[in-house]
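To keep things clear, I will list the structure first and then write my remarks on it.
The first chain written gets the first letter, and so on, giving A, B and C; residue counts start at 1 in each chain.
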Amino acid sequence: MFSSPTVRTSLIFTAIAVVGLLFADIAITSANPWKDLGRFFLGVVTPDFFSTEGLATALLRTVAFAFVGVALGSVCGFLLALVYRAYPVRIFCAFIRAIHELFWALIFLQFFGFHPLTGVLAIAIPYAGIFAKVYAEILEEADPEPGRLLPPGTGVISAFLYARIPDCWVQMRTYTAYRLECGLRSSAILGFVGLPTLGFYLESAFSQGHYSEAGAMLILFYVLIATLPLWVKPRLLPVYIIGAPFFLGEGMPIVWGNVARFFTQDIVPGPLKGDEGWSGMGSWLGDLFVTQALPGIWNTVILTQIALVATGIIALLAFPLISTHFGGPVRRTSGHVFLVILRSTPEYILAYILLQLWGPSMLPAVVALALHNGGIIGHLIGRQSSTIILRPDASTGLNRYTYELVPRVYRSFLAFLFYRWEIIMRETAILGILGIYTLGFYVDNAIQNIQFDKAMILILITASLNIGVDILGRFIRRKLALQTMPTC
Amino acid sequence: MSGFDLKGLTASFGGERVIGPLSLNVHEGERVALVGRSGAGKSTLISLIHQQVEGIASLVPQNLGLVNALPVFHNVYMGRLDTNATWYNTLTLIRPFAKDTREVKALLTELAMPEKVWIPAASLSGGQRQRVAIARALYRRSGLLLADEPVSALDGPSAHLVMKLLKDRFATSVIALHDVELALAYCTRIVGIQDGHIALDEPSEKLTPADITPLY
Amino acid sequence: MFRVEVNHVILTGFVKRVRKTLVESHGKKKDIQMVLNLIRKLALTSFLVFVGSATASAQTFVFTAIPDEDETKLVERFRGVAEYLSEQLDADVRYIPVKSYAAAVSAFRNNQVQLAWFGGLSGVQARALVPGSQAIAQGEEDQAFFNYFIAHKSTGLDRADTLTDDLRGMTFTFGSKGSTSGRLIPEYHIRDIFGEAPEEVFERVGFSGNHTRTLRLVESGTYDVGAINYKVWEKELEDGNINTDDVKIIWKTPAYPNYQWSIRGDVDENYGEGFTDRVREALLALDDPELLESFPRSDFVPASNSDYEPIESVAKEIGIID
């Protein structure tokens, strides 16, 4: 069994995570973590829907930002997908999607300020990068035969509209709808940096210990996501997309001079602005690298590796909850509800909650990342396991789990896990904003100290790290011949 | 100008020669049937000819090349995308013009499936899909037809109906057929293919089914 | 005008559709009416702003404040200030809440707000970025502000005249990263007393986010020790929000200048000659006891940029500003 490459890869990654644990800062530092957790759950079961008038507005804004951001992102992503063959375009897309929505928001906040455009672009830009990649893959896979049969002299656009798009349409629509769900999550967490979405109120309610209020917001958010197929109908879509911009809120007017200033002054590295010029760049960069980037990278990588393995464990434990091969309909329904909650809660919110309850260390981040990502992968392979038909006299219970199901789903499980590797790293970096010493912590520091030049360099380093892990993940998936569909 | 004269045709798969070298001269007005065992190289020859004549022909490939997500109308309309402006094609995608609808419907009526005009190609049966590909070739209105087993999924009467239509509408045609009766009935010249070479090339009135059988 | 018509039609259509779906699914007329009114209100305001943003916003005088305390408190306090100022200045005055000190500074720098209630450090940072901007008023108490270091009962620490070596190896929380009383002053004193960076003195160093959070985190024992602005401590104590059995003061810092109202240098140009003076006068004349109590300050007194030089030099010393 140990000769199988998938098992060997799993063991190597587990070993790395175990070694990482030795270096990681894992602790519960709060004196009464369970009392606080209890109070929080009490708040969730006694939600207070009427405490704040902001709640309905926050939900509406969350939806509006998601719609406008995802719509804009998908249009731009589609256009990019058309020229995705060009190498520079690929690099550009990899780059813009490697930067997390919150980082984009932090960047735009510096010159657009609290204008709706900040939130819209923070979603639209990374999403455009992702859409470009996925749309390009879908278009690539379309049947080439109809295109070959077209009469010579057919216009490029006509050929594309008739021979390409119709074949890809359903897949593109499904993926876009799925992205809308991701967009709702992204939109919600933008509130944590000050945009008027759910996160804004959630953070306020939480930091003041108003758990019933926070509980109400979370519940409404789950309902919003769970009922997505009911209220997002293709026929209503134009109405939503045209209507959404009106519900983004007013914000503050844009002062265009700030935009120019940001690009020509703020992000120009310190030494270049002063007298030192290029000669001072070496020591400036070196200092930044040693004191901030390196510790940030180290912590980000360690946390990512631990969270990756923890995600795998949670996913393997969670998938039987919805698999038709275990338990009755009641168990499965509650399993579904549980997994929907896990995967609808953005890592950032989960980590924020756990950090408040357990005190600061890597532990809340690991648990948050593992629960969210494990919930997603558990859901996907659980669904897949239900399509497996077992022989009538198949073993039951634990034997069924270990002999019949796990071996059959293990390859796609690994495929999803390696696909999400880069996503986990992106999130790990961003969790630094909450006070864990990953790259996001140093980016946030630089921004809080109004040192945008340093912030930009650190964001670029974060993006490169993500791109690196993405390439490595793809390499491993190719090496093990694992195939997967995109998830977010 | 729908005849052609091709010399030194060859094709290889994985280093192994599957066709030729062979030459084929088809005059305008000729209706050629390619016959022979499956795997003899008929399909390869059809696509070779298609490449050589640079797309002036209407092609009905074996896998039909339909866009499954589009309705029958648009699949047929695609045969003439080159003659209309892009804006016209785009509008047609959203809402077809009455003139085109009439024309396509008339074609489908001749093929005995007028009621299917707005049905997506994905939900058609094998025989219906084949007729849509044929309708597309007819709609194209070129003088030369290249067809690879165009009636393989049709029952007897429908096969005759389609073969007659193809005979009437195309001045010149090269059709790969495994049905010897149909080949003799609707084509003027029979070309037998064996191991990638021409093993028989005679006018059909000189042949009987018995002359062709050894090829199989 | 044409655009307005079209938009209105779309919105009405949207509202109708929502009403239809709601009626079908629930049938509770009152709830629906409430939701509909809300949607209508939101749509209308957003819409008006959308159409009129170019013209109306130029006249609105906007201010913000650093988020050093619980948001509800801030909103309550500064809405009062907004009302007061708009009455006094006879202008449209609006308060916008922000989520971080840096966001307050950026908004000030970007001219999205013209006036701000800054801490000592954020004020210095902001004024350095906006030429001509000036500190115009501070609280009576801000002239000699100080901090408390507080500790959880489990540490067994007692009040002393300085920070003792007993603190080594404990956990410690600042307030916000950009805060004067939550970060700058405590860090300065920790470095001064121990001769080391906070990360070396303490086993774990965190940033709670604001003073109220610092209090709660130390009170619950999540952190052993924290640094808190004395005004927040006293206000919470007075309101009965502190369990003094669990948390107590262990040290009081020396005094330093803190909070102030800062205004941009181009305000006179954009809002009329003498506007800065009018704002200053209005703030100094603020004597509504309830409003003052919400800060909490006993009075506002004049301030100038030079009052904050000590803060600037401390910030440079520990490398927060270049």
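The working rule: contacts are C-beta pairs under 8 Å (C-beta built on N, C-alpha and C of every residue); 3 or more make two chains touch, one makes a residue touch a chain.
Computed from a predicted model, the values in this text were never measured in an experiment.
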Label of the chain whose CA centroid is most distant from the centroid of chain B: C
Two chains sharing the most C-beta contacts: A-C
Nearest-to-centre chain - CA centroid comparison: A
Mean-CA-position distance for chain C and chain B (Å): 77
For chain A paired with chain C, centre-to-centre distance based on mean C-alpha positions, whole Å: 30
Inter-centroid spacing, chain B versus chain A (mean Cα positions, whole Å): 51
Residue ranges of chain A touching chain C (in the complex, touch as defined): 29-32, 36, 56-57, 60, 109-111, 113-114, 192-194, 200, 203-204, 207-209, 231, 236, 239, 242-243, 245-250, 252-253, 255, 258, 270, 359-361, 435, 444-445, 447-451
Of all residues in chain C, those that touch chain A in their complex: 7, 10-11, 13-14, 17, 21, 35, 38-39, 42-43, 45-47, 49-50, 53-54, 57, 62, 70-72, 96, 98-103, 105-107, 109-113, 125, 129, 152, 154, 171, 176-178, 204, 206-207, 209-210, 212-213, 216-217, 220-223, 320-322
Interface residues, chain B side, partner chain A - complex: 54-56, 59, 61, 63-70, 74, 78-86, 89-90, 93, 136, 140, 142
Chain B partner contacts - residues on chain A that touch it in the complex: 143, 145-146, 148-155, 157-159, 161-163, 166-167, 169-170
